[in-house]
Amino acid sequence: MSSLRSDGRKADQLRPITFEANIAPHATGSVLVSFGATRVICAATIEANVPTWMKQQRVPGGWLTAEYSMLPYSTLDRKQRDISRGKIDGRTVEIQRLIGRSLRAVIDLKKLGQNTLWLDCDVLQADGGTRTASITGAYLAARLAVQKLVDAGRLAENPLADSVAAVSVGVFGGQELLDLNYVEDKDAEVDANIVMTGQGRFVEVQSSGEEATFSTEQLTGLIALAQQGLKQLASLQTAFLTKQLLKF
Amino acid sequence: MSSLRSDGRKADQLRPITFEANIAPHATGSVLVSFGATRVICAATIEANVPTWMKQQRVPGGWLTAEYSMLPYSTLDRKQRDISRGKIDGRTVEIQRLIGRSLRAVIDLKKLGQNTLWLDCDVLQADGGTRTASITGAYLAARLAVQKLVDAGRLAENPLADSVAAVSVGVFGGQELLDLNYVEDKDAEVDANIVMTGQGRFVEVQSSGEEATFSTEQLTGLIALAQQGLKQLASLQTAFLTKQLLKF
Amino acid sequence: MSSLRSDGRKADQLRPITFEANIAPHATGSVLVSFGATRVICAATIEANVPTWMKQQRVPGGWLTAEYSMLPYSTLDRKQRDISRGKIDGRTVEIQRLIGRSLRAVIDLKKLGQNTLWLDCDVLQADGGTRTASITGAYLAARLAVQKLVDAGRLAENPLADSVAAVSVGVFGGQELLDLNYVEDKDAEVDANIVMTGQGRFVEVQSSGEEATFSTEQLTGLIALAQQGLKQLASLQTAFLTKQLLKF
Amino acid sequence: MSSLRSDGRKADQLRPITFEANIAPHATGSVLVSFGATRVICAATIEANVPTWMKQQRVPGGWLTAEYSMLPYSTLDRKQRDISRGKIDGRTVEIQRLIGRSLRAVIDLKKLGQNTLWLDCDVLQADGGTRTASITGAYLAARLAVQKLVDAGRLAENPLADSVAAVSVGVFGGQELLDLNYVEDKDAEVDANIVMTGQGRFVEVQSSGEEATFSTEQLTGLIALAQQGLKQLASLQTAFLTKQLLKF
Amino acid sequence: MSSLRSDGRKADQLRPITFEANIAPHATGSVLVSFGATRVICAATIEANVPTWMKQQRVPGGWLTAEYSMLPYSTLDRKQRDISRGKIDGRTVEIQRLIGRSLRAVIDLKKLGQNTLWLDCDVLQADGGTRTASITGAYLAARLAVQKLVDAGRLAENPLADSVAAVSVGVFGGQELLDLNYVEDKDAEVDANIVMTGQGRFVEVQSSGEEATFSTEQLTGLIALAQQGLKQLASLQTAFLTKQLLKF
Amino acid sequence: MSSLRSDGRKADQLRPITFEANIAPHATGSVLVSFGATRVICAATIEANVPTWMKQQRVPGGWLTAEYSMLPYSTLDRKQRDISRGKIDGRTVEIQRLIGRSLRAVIDLKKLGQNTLWLDCDVLQADGGTRTASITGAYLAARLAVQKLVDAGRLAENPLADSVAAVSVGVFGGQELLDLNYVEDKDAEVDANIVMTGQGRFVEVQSSGEEATFSTEQLTGLIALAQQGLKQLASLQTAFLTKQLLKF
């Protein structure tokens, strides 16, 4: 019943997923993640400091925060830099808050010491799903950074309790699709982003109908489709980390 | 099995919901909405103009956009104004985008003419659920505004195809609760906001675990709980509008 | 000699004045003040802190400051928010400085302890005289807030030495008028705002001819007219407070 | 009854007033004005354009606007530039609005053509009364600029219907004083700025008691004192212009 | 006489220089340039528009402009994004103006049509000489972009009249060095950046002594040293382009 | 061989140079410097404080920083203020950084104590060479300020080790010219600014070809021409200071 998609994939098929370690060697950990043509530089940097509000409220442990940006040449029409426009747009704010929440769900901040873990995600090429690629890659960058800190004796143990990954699903032309590319995403009737841990628990479920609505059945179907893709992503993350961490 | 909540409600019980029309008479339509102690001024104003990007891309019809703010005295500790801080915080950006998307899902923008419908939601008193009260009230303000425009001959027909309302649900102390107040919301393990039309179709499902995760069963339970509350809200909206529109 | 005004008032007649207590229950004290169709939310909030410059210069006692804004739906054409425009306009700056000076003239800051009393005035509906309504209402909000703090033992005594109110006067069509509404204010040849204490002493006299000038006689006449209106406002304030403070 | 002031002046005596033409030769007209040690560069520049709102509303004629700033080295402690602080402070906003209103009261904007007359007042040295010196000097700069434009045939006639000047008066140590210097101004109980035309009509009367109040008698006394000083300033302006305009 | 440098180079030796084409495929042309550990993404993007000032002044032809930024993880201590600081720092402004001027010196803007060529340089890893690597790489990105436009028929001919490259030289520990790395640059007594065309003509000579000075002889020596390095860079650029352009 | 310039000067001739002390008496030291029609107010102000980064890094001694601005009436077309545009333009940033570096090259910051020396340069009239006039005048203002501090016992000794001055040179119509005025500067093929100490050592050499290039011979010629002019400027500075410092 399901016809092939414009890029030849089946409805429930991920794009080719690749991870390249150490793209930014000055970061504590870094990964270049690709979901098909979508490519994002994910870098984790440790800073020996915590935000002012934590100090004032004497919250113990550390903090984790994320920043996201699209490089000007990541889109087919050049995208103006945030600093030239004078402000971050609403979409960027939403995405960087989502990345931060997703990673904080799997880290034990108390085990991070008086440190802040910065996760920077800069999109080198955008073809849909930049936020889900960012979360998936940010976890890997964080994991590599944490290992370096543990190996250097700056952390007593790994504060990451689980892995985390994200994928988009949506309804496009009446069909439920996994991992939408830009062409599909732009005209989808329903667009959802699902964040899940390696152990299969949800961190975030966001499903929106821009100028459209959806039924309980559609929601259930999309979530199941996402769960299946997220299992694959978790396996790919594990395989990559196994290889990388042996190298250390 | 479920103990009473701090304000005496049952787990699946809404707070007292009230709507007061015409709180801001210079607006085209306005409502003061209360979800318990949470009170929001919702005002719909028509502007005979559309955004620049619509003109440039020659998109036909009108536009609908929302702005949200918390008045400085809406919280127990005075909240600094956006203009004093110099920028809108991330939470506000997320909320006003959500209100806009929710209302755009039920309006036929082509029937709005070359107009922009502004939905302003200003929180007079905050006790949890300000975004869901805002969406619920913004629909009413929009409906009253539209009626005035239809009656005045400025619109040929009502462009609103359906009603829309929102409610929060969450897991607090292991229990699934409807319509969380501030005390519950602040310490909830899982926090979800569900937006649904009067005909029972979803507009938006957002479920987050801040520093926590949740299972498929919990997600299903929360959504069912929200649906039940949203049916009540839709009835209350209908009753209010019936009374108001007869008055015109 | 004087013809009736557009709203049927005599030249020396105030609009209907009303005060509604507790409009914003999370504030320490609050009042919704109406001068005819002009309606302003006035809220007084206490903050256990003083500005940095007071700490640095070791000034004893507390501080009082005011913020003023027009809600977007307070005017017939929607008014853009300060944060959307990116700055406070000059008129708003003038008004909030005037409100602050007016209230500081009647408070003994040394008796306020190491606290800041914030006075927020948000215009719900604008029909001329929003700054004079704001001052008149801000005093009431401050008085209610102070009483709550005295009753709670957070202040040893009432730091307000006197009451304060304000009214506009102007020359319109050659006639001297009290308490101008928007239509009168917009085209007035001379526009004055007078702030006076309950004991009849001036706090501020501001009289301007925008693209016009005025004589000594006109100035004297306007001031006398304002004084008569301000006596009535002081009586109305006293009556309201007597009733409210008995209720506590 | 009146003791001498700290600088040896009598209570009703102006400081030495001087005007130096052409301080900024690239301006259309310019004057360096001194009220004692207070020195302000006043420059009038014509721009062949009007503000957008005038074009949109098709208001005929031209516009006049003023900007005021204190140079960083004008005060004994260096004053940070507006651009370094990131915003104009409230006092500056008030002053530049006052200068603009004062000059607009004596100009017939319809006779200005489709031009904007900019009046820039930059304080080179501040010793009290910078706003009154600015208004007094800005009129002279405007008059010189207008003459140059008339002589060059760019204006058909002089659009200035009258001259305008300003002076401060105040109550200091219980005594009513004319033209306060910084030491007097800083600790004055009442501080007033009066703007008057050459023909003796008021343009603006502003009298404030910062943390103090004043009686009707004091107000009357201050205004009379200011009127006497303003007559002298008008004579000095006339003498200066007579000499300058003959030179053209 | 010259001892080896910390990284083993001779005083007049460049670091290993590499160019990798097509690092950002959505750009019209792009190169990842490395000067040793310094790595910069250089992307050239064409926009079918020119700046407003060119339209207003009816300047014929196109425009070329550059933007430069350091990615947050490019430095050993994380560098805050411009948008988080709220402004571009002075060093960044200087660098992006230098890149723009350098490229404009070798392009015939009249041959660019009504287009803007954007040159974005984002530093992935910083180890000294980021501005010289940016200029050297930006030329290559521009050349590849221009070729694509010529091949696609969007440009009639190549508007680049010559190539351009840049290198740093400096006095460090009394010795004149070519192509300083971060450790050398940070403590150099004199620091110079020289921009030269492929035909050996200067575009820009900037030599500064921060808290130091230099003699005519030192200036002459540094310039000669730079010229020698710039000849090598020009050869490397030619070799790279020959290979790339054959591939098209 | 060289024809006369538009203002009658020879190719290697400076414009008339004048210095007027004490233009801004509230500054610690101040000079009005003229290079022909270019006039700049240079003021040096001492502040008993150092920047935060110096305190944090415990750098001993003081700091010197410069700010530059063009007054709105300094140009033939009125120049908008930085604060009205909302940001400092790139050219201003470059110039104030250059002034700061130039002065820091001749001062021993350790001898400045825990103080910041602010150098403010405000252009009263612009006719080319405003940055070189600023540097030349800023040195004089700094020297006068330092003398006042030494005389008052606030500094133990003069921290200025040498004098510093600057001049522009350029290629205009194929001819190498000294001290370009606006007409020459605007259309120069090559434009250089050279900063040199009184002892003849370079502080900064900046030579740019905007949309043009230059040869080694031209660079050598321009530098020699500048050196000759800078010797004259150093003599004029010495003569001025000798006269001023005797007056103290």
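Labels A, B, C, D, E and F are assigned to the chains in the order they are written; within every chain, residues are numbered from 1.
The rule we apply is simple: a residue touches a chain if its C-beta (ideal position, glycine included) is under 8 Å from a C-beta of that chain, and two chains touch if they have at least 3 such contacts.
Here's who's who by UniProt: A, B, C, D, E, F = Ribonuclease PH.
Fair warning: this is a prediction, and the values are worked out from it, not measured in the lab.
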Look at both sides of the chain B (Ribonuclease PH) and chain C (Ribonuclease PH) contact and report whether the same residue positions are involved, with over half shared, or different ones. same
If you fit chain D (Ribonuclease PH) onto chain E (Ribonuclease PH) using the CA atoms, what's the rotation angle, as a multiple of 5 degrees? 120
Chain whose mean Cα position lies farthest from chain C (Ribonuclease PH): E
Rounded Å distance, chain D (Ribonuclease PH) centre to chain F (Ribonuclease PH) centre (Cα mean): 33
Whole-Å separation of chain centres (CA-atom averages), chain B (Ribonuclease PH) against chain E (Ribonuclease PH): 52
Could you tell me the distance, in whole angstrom, between the mean C-alpha positions of chain C (Ribonuclease PH) and chain D (Ribonuclease PH)? 29
Hey, what residues on chain D (Ribonuclease PH) touch two or more of the other chains? 87
Arrangement of touching chains [line / ring / star / complete / other]: ring
Ring topology as an ordered chain list, initiated at chain C (Ribonuclease PH) and continued via chain D (Ribonuclease PH): C, D, F, E, A, B
Seen from chain D (Ribonuclease PH), its contact residues with chain C (Ribonuclease PH) in the complex are 87, 90, 93-94, 96-97, 101, 104-106, 109, 162, 192, 197, 201-216, 219, 223, 227
Of all residues in chain F (Ribonuclease PH), those that touch chain D (Ribonuclease PH) in their complex: 23-27, 30, 37, 41, 43, 45, 47, 67, 69, 71-78, 81-84, 87-88, 118, 120, 122, 124-126
